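The structures come next, written out as structure tokens.
Note that subunit A is present in both complexes that follow, paired respectively with subunit B and with subunit C.
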Partner chain A sequence: MPGTYEPIATSSPTSGNSVTFNSISSSYTDLIIVSSIRTDKTSASSDTYALRFNGDTNSNYSAVIMRGDGSSATSFKSSGTTMFCGEVADNNNTSGIFSPNIVSITNYSNSTTYKTAIIQNGGNNYLERCAGLWRSTSAINSITLMMNNSASSFVSGTTITIYGIKAA
Partner chain B sequence: MSVSSVKTGATGISLLTGNAFYDPGDFASIATGTVAAGATASVITFSSIPTTYTHLQLRMLARGTASDTMYVRFNNDSGATNYDNHRLNGNGSTVGADGRINYSALFVSSRGYGISSTVNIGSAIVMDILDYGNTNKYKVTKTISGQEYNSGSTDDIEYTSGSWKSTSAVNRIDVSLATSTLAQYTHIALYGVKA
Partner chain C sequence: MAVTFYKIATVTVGSGGASTIEFTSIPQTYTDLQIALSARGTSTALYARAEINGNAGTNYSLKTIYGEGSGGTASQNDANTTYFDRFLMNSSAYTANTFSNAIMYIPNYTSSNKKCLMFDSVDETNATAAPMYMVAGVWNQTSAITSIKFTPNTGNFAQYSSATLYGISNS
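And then the complex of A and B:
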């Protein structure tokens, strides 16, 4: 008999800058995406981990972010064609360091409300907490995790796992 | 072997001989409270919470009939000085930190507009209640909550620690709003986590 909190799918990309999980079952209540990420980026330009739902490439995503950098705290907004999930480790950071990232999506399969996600991230010398919004009432059946900079690629050791949580 | 409910007609498995061993797992669903379309609720109560777990987790998508602050109370305790919390929040332009000592409830998403009343948008909240069955120490909570409206003025992400100054085991949780009522599509699920 299936459990309450169970893995749905896992990916361990060693290249490329996006991973898509399709045909996500609607039989859960919440989804949790747990990632351990590092990219091969070496430039100093900003690069963020992000997601899309159901292949929606329109400007339907926004987020509010709280960030600490070890000496000060800031808050800012993000909006566009992907949902901001945080700055992650890259080849500018010490070898072997990967970013922990957890995305929690509550009630992902309802068809009456927009989808809100809570994101917890640490990487590139930042600690970040975010609330993200996808302005669609569609049930989520596909999730793409990606780097916003198309020149960045995931490196070996990166893992991304989706879990489903059921409610009574 | 399957069994049928005389009351509802629903079928499920029996735990009698002939079926595989059933292990509910280390993260188990205890109960869920929802507010149906077109309805409201002044409070969602989880009662008779078993002590068979080590920690509890509330996972919520909450809406209010007005933009509001959420109250969480344990064991129906509304004593005026029994709850404390400390909070970090970011609203898209500034970061704030504050605390509430000696209050009558745990405050969640407490900027006053934290619980969404916007059509189609809910506030996402995950609260961990640690060692809830222990009778030797006060109970502590950790909550992350957020509401994003794409508005620029009322968006918020919050991280909150809380305490209920009682050594009683938590056997009941009440979730309500400060001044309004829980609105349609609110969904609150309670889970137990085993050690």
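And then the complex of A and C:
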């Protein structure tokens, strides 16, 4: 059986607060984005990792999140101009800690359905699982991974890789 | 473009059972690791413990979201323990022929940063309640990961328990 898990692109940002993968081939069935994230933020405000598809900055994104902080579990909704992907490690957290984050996007290249994603995140303060929705039928050809806090920048050691998976 | 999701090794427990399932001499040539574990115990084991590089120091911390099919979910913190212990196992008292399942993902396992990982572990047995864990963990060491060992909290792994280690490259 042929293997069907292929790297499309990878980035190791040492500054800035967004990474964009353009011209994503439509030849796969699903996409998986694996990130290991830490930012330089030191303020107490939240540091949310998020994504956008095809440069769409309209309020077409929503997500339901289940979160545990080690003592209680909660669930909440998020909606707006980006898709919530989790609270990630920053310079308030122990040095050397990078949040593992996996985004799985199914049937990303069809032009009929809205696009959904399952997100696993392991922040230093929270553990989260998210179900995300982009209310667009457009095929995904560009993905931007970003920090919603514009004052946050990725630090050295951060890695983001996008993989394509073929059903056959 | 090259395919980069490789099976490194599989361990399947034989008829005599096994006290551990271990991957040693893990190649340092991949970017990430993934492990799929299917486990059942010979006695009353409820968990398998994972130990990295033979390190038994208090260097393992976990945050868990927990549900069991009824009631609400809960979250638990386990800080500075000597292993990752949330890999569910079906004990010998559970429904026959059922095995727990877990998938663990470890990004950047050769880096000089501390090793952060995630795994989900489930224990469905067609009983009224069955636990499910979603876990984020950190091994508070900067060494590259070269070995991973699973050990039941009591007893042995039963026959047909298995684990497969995969390596994933980003180029």
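Simple rule for what comes next: the second predicted complex is superposed on the first by the 164 of 168 C-alpha atoms of A that agree within 3 Å, B and C clash if a C-alpha of one lies under 4 Å from a C-alpha of the other, contacts with A are read in each partner's own complex, and residues count from 1 in each chain.
Throughout what follows, a contact is a pair of C-beta atoms (placed from the backbone, for glycine too) under 8 Å apart; a residue touches a chain by one contact, two chains touch by 3 or more.
Values in this document were obtained by computation on a predicted structure and should not be read as measured data.
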Mind checking subunit B and subunit C on superposed subunit A, clash or fit?
clash
Identify the partner contact of A:Ser104: answer first if only subunit B is touched, second if only subunit C is, both if each is, neither if none is.
first
Is A:Ala73 touching anything from subunit B or subunit C once the two structures are fitted on A? First, second, both or neither.
both
A:Ser43 in the overlay: touching subunit B, subunit C, both, or neither? Say first, second, both or neither.
neither
So, does A:Gly96 touch the first partner subunit B, the second partner subunit C, both, or neither?
second
With both complexes overlaid on chain A, does A:Ser27 touch subunit B (first), subunit C (second), both or neither?
neither
So, does A:Thr4 touch the first partner subunit B, the second partner subunit C, both, or neither?
both
For A:Thr113, select first, second, both or neither according to whether it touches subunit B, subunit C, the two together, or no partner.
first
Subunit B stretch colliding with subunit C in the overlay (listed: 98-106, 116-124 or 170-178) is 98-106
From the superposed pair, tell me which subunit A residues show up as contacts to subunit B and also as contacts to subunit C.
3-5, 66-67, 73, 75, 120, 129
Listed in rising order, the residues of subunit A that touch subunit C in the complex are 2-8, 10, 34-36, 66-73, 75, 89, 94, 96-100, 102, 120-124, 126-127, 129, 157, 159, 161, 163
Per the touch rule, the subunit C residues reaching subunit A in their complex are 1-5, 31-32, 63-66, 72-77, 105-108, 111, 113-114, 116-118, 120, 134-138, 140, 142, 168-171
Mind listing the subunit A positions that touch subunit B in their complex?
1, 3-5, 29-30, 62-67, 73-77, 79, 104-107, 110, 112-114, 116-118, 120, 129-133, 135, 137, 165-168
Could you pull out which subunit B residues touch subunit A in their complex?
13, 20, 22-32, 37, 59-61, 63, 88-95, 120-124, 126, 144-150, 152, 155-157, 159, 185, 187, 189, 191
